[in-house]
């Protein structure tokens, strides 16, 4: 089983991204202007995206790695996420006093891990991709190392992440012991051939997988790390974490649960449904009482993981494509919201309390307007993309016969309006309390432009992304 | 053959004989090692003495040849003192760990053709594993003594061991690649095809790195910071006395002999020599080992002790890159040839 | 028979030492119990003829990682550590959960259907020259080349992370 050049050709985007990350690491040594490293990073990611699109679909490395529409769609989400994150980081890192080149390189390594997770068709590869992503994000979460909150964020994330990895490994070990393989498709076919799909050991390993991926996508009751980590991590990294690792978790989950655990689909659906309901409940209800906006968005991100789980439950190409859709849209709206939060941060002023947004519309109408769009979108109010995403998710779940679940989701969605619109209320209906100056910069402006354009365009012309997601599943 | 395979055999009688032979071999090797250690100390004191224009031990026996025996008797009957707040179990066990680790390494080394206690496939790795275990004796003795000097010695030792073990392991990789085996007898045999029947010439870099790292691993001068007498009195074993002190002393010298033995079997062709010496198949090996032991003393008499940061930067910035370079060169050479 | 006795010995000691690792009040003792634990795990590997893994287990875990643990633990203020409560308040709940999980897992494991016999059986390993080490090397660089390379990237990230978090001076 020698690997051939055809195998290597399939991972050219990954190789390119690795070389790019190493190049940025070297540039850190010689460049004084760290922004420059960020720009090179963005250009490199764009090239990687191009390479991804021209890579021939197919399997590689004796069926450990696959290039298909599913993986490519997720990779595009990751590229979008990393580009936006770099754009919003450039000014922010200077304000926080941690303007180090390694930051960009670590972000790229995390993205590499996500790409491997989305493309892995072998449990070992998925696990290693997950570790690569997680290890990079642990470091990034603790990047403000002079700040105790950031240390706490990194430590909590690290300890619980390591704990969840152990569950994943245990699940892998159980399936391997049963089937003698770690290949996703082989597991499913072995299990059906030998009629051991209903064996409790297989069920136990399924539960282990759910726990492990539940940690990564921050689904309740495995969400405990998320609020503290999101609050303490650098804001740009919070934006990065709330989109990238979550999407990667969903990508791997989709593959593992449909390819390997396909034979016991009804069983895992029965476990995930209560998790989805609990996740939406915890996320939306606890978010109401938050006073820190990053913490609130952390709970909101938990809630959104709950919505996205609906797509997984619904299954089929429709369910999966609506989930992929939603994650893409979520990338736009969530990073956009964090970009506005970053604008409020300047030397000596955190700008993280919801109170700080009082009367923002009077002083900075544009910023307030953008925040309004993102908050509407997160709530799911038309004509924003958030509405489209939720609509398709709920539709696919209804078509798959989970009407009750959708009703619950809609109720929680309505509850979420309270805390999203509270920010809008603060911005537009309260008197400004203190002088709030914005720290704007060109990259941040570009990021905001991209995100707001994404949210509005996809809200008005949803068919673009819907077709893309569906086509990627079929193709 | 693995150790377990040797032991777990269905035929009990066979097993008993095998175990008997192994035990006999162990007794021989340990006894020989002890004897050599005793006279290695004598050798050290004499050679350092002469290098410093002194005579060394002269009183006990002619030219002091009975000095090591007198020392041994003295250490054996001395009072065994334990500090008041020491962690007793750990304090007791530390010298034992050191000694056991040092002695176990001897079990995989072939002293002459066909004579090795355990001819296992992973001989070289086993030695590395045992040398890493030996560090525990030093570190925990430093901690358990409840004394600041020994504690500092233990801390220094742990950092030093981690740093230099990497260099030492990497320096042996070149040898493993050339021999295509981790079995030490195979490595010795594979050297027969090379000039002078040694790897020292094609593996010059590895040899150099190994020797430097080996001196550091055994905590000998100029890397003897864990026991630096001018600052830490005696370092990690400052609180030890009597027989436990003797154990540390023994393990240090056995460690030195082991490192010399590895250098000989991995780089200098082991038991083979330019011509065979009849009836003493281990003569060449012994000669080469004593050359290395003399080398140790020579360096001790010549070089001043390193400063701690110099020690660290030497390990990480010079030895490890050199060892990696050696691996790359060996790999390329192997591909080309 | 002899093999079973050896296995039983290793298994019992592994379980006992792992309990002692978490139950010891003194962190240094915990580390030493862990050292013993690692040696017994290496013993289990030896029983499977996985000698390379056994050696690596000792060299990497006992020789490097645990020494680092010890290095850190030695710098703690042990007198204060030992005074504290050995277990936190939720100890009882955690214990119940742990026992429950142990019961679930062990009762499920009884039902484990025998998996397929793989290619690398003990006989095959014994018949190969160089044994376990050469087979691992071959498999690692052919079949598992891709995961192996990812693992190397993970190690690189760990190094970068350590430097960023601990070493790098901030110019602010």
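Every chain is named by a letter (A, B and C) in the order it is written, and numbering of its residues begins at 1.
We take it that contacts are C-beta pairs under 8 Å (C-beta built on N, C-alpha and C of every residue); 3 or more make two chains touch, one makes a residue touch a chain.
Quantities reported herein were computed from a predicted structural model and do not represent experimental measurements.
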Just say which it is for the chain contacts: an open line, a closed ring, a star, complete, or other.
line
Using C-alpha centroids, which chain lies at the maximum separation from chain B?
A
Innermost chain by mean C-alpha position:
C
Whole-angstrom distance, CA centroid of chain A to CA centroid of chain B, is 53
With chain centres defined as C-alpha means, what is the inter-centre distance between chain B and chain C in Å?
27
What whole-Å value do you get for the distance between chain A and chain C if each is reduced to the mean of its CA atoms?
31
Chain C: which residues touch two or more other chains?
none
Residue positions on chain C within touch of chain A in the complex are 104-105, 108-109, 111-113, 115-118, 142-147, 150-151, 153-154, 156-158, 160-161, 163-165, 168, 170-172
Of all residues in chain B, those that touch chain C in their complex
2-5, 7-8, 87, 90, 120-122, 125-126, 128-129, 131-133, 135-136, 139-140, 143, 151, 154-155, 158-159, 161-162, 165-166, 169, 180-182
Can you check the complex and tell me which residues of chain C touch chain B?
2-3, 6, 26, 28-29, 32, 35, 46-47, 49, 51-52, 54-56, 58-59, 62-64, 67-68, 70-71, 74-75, 126, 130-133
Listed in rising order, the residues of chain A that touch chain C in the complex are 1-3, 7, 11, 18, 25, 60-62, 64-65, 97-100, 102-103, 105-106, 109, 112, 116, 122, 124-125, 128-129, 131-132, 135-136, 138-139, 142-143, 145-146, 154, 174, 176-180, 190, 194, 196, 199-201, 203-204
